[in-house]
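Structures incoming, each one as structure tokens.
The same chain A turns up in both complexes below, where it pairs with chain B and then with chain C.
Right, the complex of A and B next:
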């Protein structure tokens, strides 16, 4: 796709002492659906507002179609913004809300009526056109907020947690609607959310942010399989990845990760580990679905250290169970199929899928390897 | 709980001697009434009883010089009202007062709004300026009236400036021309009460949600369009309230006129309040003045009712 459609270069925003966004580098492709994902207060909304022109960056540049737009007021950026709480014009009717963008551009009346009518039909707002915005229900507010922005055909559509106020069932429907809409329009979208499921299902790529910094920019699959840091590993996936503090030790030609009595042979990975690990403290990560009962591991021919844990809690789901195990005093979650016989206080022997473990440096929190071997 | 009158008798308890009294005292509402009593008394003695007396006075023909007490005066029923309605000086005072209200309040609103909008952004010394702007509002009417009276005297500061700095040959006799005299009164009122408009509009603007404005910006609206279509409509309720309060106050204008022009030249700047005051306490026609006061009270009540209407249908 070549040149980025939107480019952020060394973007930085400070509010007094607080650094909200720190030296952010980003390229967004044309027609891409990009998600900003991170806990609240990580700077994702601030970044979005800078792209829209609602915040002025403390430093750095923003390019849109190769043109530097730092000094362009929001009015002249042609960037649509859908606000978290919709920010409708509450004193106006749905019709006037939808028409606003065209009206202020002095579009001819016939065109306004045509576009508004079309948008209302498409968003199923026709019966509500004369209703005041403040009297709508949440789903209609959402649709008005979206429609009001889309009517002006923005080059870029920025959405700030637009599904936050929906109940889960409606969320899922709207998620699909938005994704379909984006493909249909072929528009470039940046979508801010703190809900990893939302980001994983909708985004072509996801930018994970933490404390104002970019942590990882990757496709959903990459984020899941190759988290580049402890933060991403712990943030993506549900239930979250199990993280065990281990110590790396060489013993002659062989190398081990040790945790108390337990030891994993990592001789084959020692070059990778020694290349990445600063000290000897590391964190071993394994996803709950990769904690295998020993029988299953044997059946699949996967051999590794057998770990014994005591079952603390079993949470049955439809086709799976989440089992909480205590290994010594460390809590591990595993996901097994629902016909796996297990009850509280059972002793269970498990194996960590040898090709699906992750290792992180305890100090720098960077990934050392992701499921190779 | 509070309103419940009938209580089942307590099992095994003795029947009270005065069941109705005990029940009345037990009611929470009784206690509430006791607490509200001082305010009630104040209200009755300061507002309701005097109003009733004025109402009564307006229906009789009583003047202090008649030598009888007011409750002994003969009834005139609505004759006083008839006289008021055919009183040219009354109608002139009404038109004049409304004129002053419209011009003064319009100016106060325009200047107050401009200041309030200007003060939305930060600039050096904003707090200091805010304090200075609010200062005139804290002065008593009399002080403002006196200050402006002195300013526009024949040998006042304004004429001094005109003559010594702007090259006028003689000063202007400000209080000799009806329109000019009225303007000085309006000017004093604007000076004193623009801060009030500023204060209300400023806090109203500050309390508006920021989101719709930002949304309008991303939709391409210019600053003027945002002001016209977003800010003003959202501020509408605050504006109506500010206009009502200020207009009511201005309609009662008395002190400034009394001090600055005394209603003169002739009766050319006489406000309604001043006329009523004169009728009652200078000319001694108390019943007539009372009828006029009642008429105005009733008409203002109706006007306010209409003015508040748009507020009730909002939201």
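Right, the complex of A and C next:
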């Protein structure tokens, strides 16, 4: 087989009528932190469960280290799985939870005690070893779930939204912890989440899924800068990318994207556009951080069509403001620094950063270009 | 809450307790009354001339009840029935709960029998029990099981296993699958998962089911009456034997009722602790 540590080939899973995963092709490299990202019900958890052996694929193959493991029972895959709700053994103490995997493998008593002790020290569970799992707080439960899985040294670690139950501050800390842990162990991790921020901060690469299919597999930076479809463009980044419906038109040897009175000159890109666009309807995308007040654009020497909008709402954040603008009746969001003077009902002139716009075919929803102009 | 509101709540609770407990108190009262007070009007809760002869007569049937010469019971001593009940009910209960647990696990986790089979087991409880009595009597005669402890054990197991299955299914359904899957991924075999993960997690449910089935078995009357005559009679049948030429012996019947309730009360008390852990099982975060 290829070099991939984990390889999925034509993977498909049906639950009765429902197709949960369809024709999934994927190669995961050894030591990689890969995120599965997508809205709930997009098949990411099902895919993870197939890798673990908890679901049997309807079609397709799974390879681990070059070996086809479709028929290998989950007990023998040496795959660690951290469940969304931790799935601790509630009737056992923390110690017994941690020791379970080793006990099942008939490890010698002394080794079990050593490993459990080490794991407990490392996860700061030492004081809780004799506590029943059902009495732990969320953070401790999560650490037990993780420790229980790690103690058997699995080749692959699969995590199913393990941080879902955390309050935001703790979540951020745990993200860092997990990432550090993964680097430290050098293990291969697949991490399922529906939170794009989580995926963007943690993943070496991200697989974006929708309706059981792979949409894009790329690094976080690529996903942000070069979304291959409207779906990815809308899913990645907060606040989400502004999307404006435009019409493409040739006028002599010049080419324009038009929206009402507005027009953007895309003469230089016309080959790319005509190569990719099916009809004339397209969607112009620009991220809120690339909607620039006209003064700033001039200062940075960026020239393009000036758009006038009416401020509808200003949301101040710590160092930034999110401003909602109405351009005719289309709402767009822009992110400006907090010292930018703006108030509701102001008229604001903005420019879309000419190197940072994206164009998508309205029909196929595929990207035509990403930030080239 | 106002004082009146609280008081009325307490009164309400007390009234309900009285309704539930009154028959018990009444039986207890009669068990200490001499024959002339059994049907006396107006009735008294506290016996006027308390006596223990109702209890003595259970074990020494020759003694006239309350010293009344006409009141001599023809019943056998209660010992045999007591021993029979103490053998039949616990064994039948253990068998029923054990089979019910495994069946419930198969139904809950592996969908054995689809939807029809689990439902079909309930048919044993859908007919009036007496409808089974005649055909079973024929079988039992052929098998030589009439008036044997084994006969009743088998019968009680068969007739309560549907309860065990359905009660245990509810408890097993309540154990999140993820917990079992986690154990599987840790390398545990299906049997190991069943015994070290699932079984301990439904321990409370098992106790509740066992208590419930034990009460059914302990108090069963119809089959015991039809299928036993001397050797294997149980306490409920023995109760019916306290009838004399001059009418029913309410006192000894009540006394035996009290004696018979002791094992159930003790078992219930012992199991109570597990019942509590069983019902706080909702603590599991799903």
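Throughout what follows, the second predicted complex is superposed on the first by the 371 of 373 C-alpha atoms of A that agree within 3 Å, B and C clash if a C-alpha of one lies under 4 Å from a C-alpha of the other, contacts with A are read in each partner's own complex, and residues count from 1 in each chain.
By definition in this document, a contact is a pair of C-beta atoms (placed from the backbone, for glycine too) under 8 Å apart; a residue touches a chain by one contact, two chains touch by 3 or more.
None of these values were measured; they are calculated from a predicted model.
A.B. asks: Just from the overlay, do chain B and chain C fit on chain A, or is there a clash?
C.D. replies: clash
A.B. asks: Go through the superposed model and pick first if A:52 touches only chain B, second if only chain C, both, or neither.
C.D. replies: A:52 sits against chain B and chain C alike.
A.B. asks: For A:207, is the partner it touches chain B (first), chain C (second), both, or none of the two (neither)?
C.D. replies: neither
A.B. asks: Based on the superposed arrangement, let me know which partner A:148 touches: chain B (first), chain C (second), both, or neither?
C.D. replies: both
A.B. asks: A:269 in the overlay: touching chain B, chain C, both, or neither? Say first, second, both or neither.
C.D. replies: neither
A.B. asks: Please work out whether A:89 is in contact with chain B alone, chain C alone, both, or neither, and reply first, second, both or neither.
C.D. replies: In the superposition, A:89 touches chain B and chain C alike.
A.B. asks: Using the superposition described at the top, list the residues of chain A that contact chain B and also contact chain C.
C.D. replies: 52-54, 74-77, 79-81, 83, 85, 87-91, 100-101, 104-105, 134, 148-149, 152
A.B. asks: Show which residues of chain B lie in contact with chain A when the two form their complex.
C.D. replies: Contact set of chain B toward chain A: 209, 211-212, 214-222, 225, 229-230, 233-234, 236, 315.
A.B. asks: So in the complex, which bits of chain C are touching chain A?
C.D. replies: Touch list, chain C to chain A: 176, 178-179, 181-189, 192, 197, 200-201, 203, 283-286.
A.B. asks: Quick check: in the complex, which residue numbers of chain A touch chain B?
C.D. replies: 52-54, 73-81, 83, 85, 87-92, 100-101, 104-105, 134, 148-149, 152
A.B. asks: So in the complex, which bits of chain A are touching chain C?
C.D. replies: Per the touch definition, chain A meets chain C at residues 52-54, 74-77, 79-81, 83-91, 100-101, 104-105, 134, 148-149, 152.
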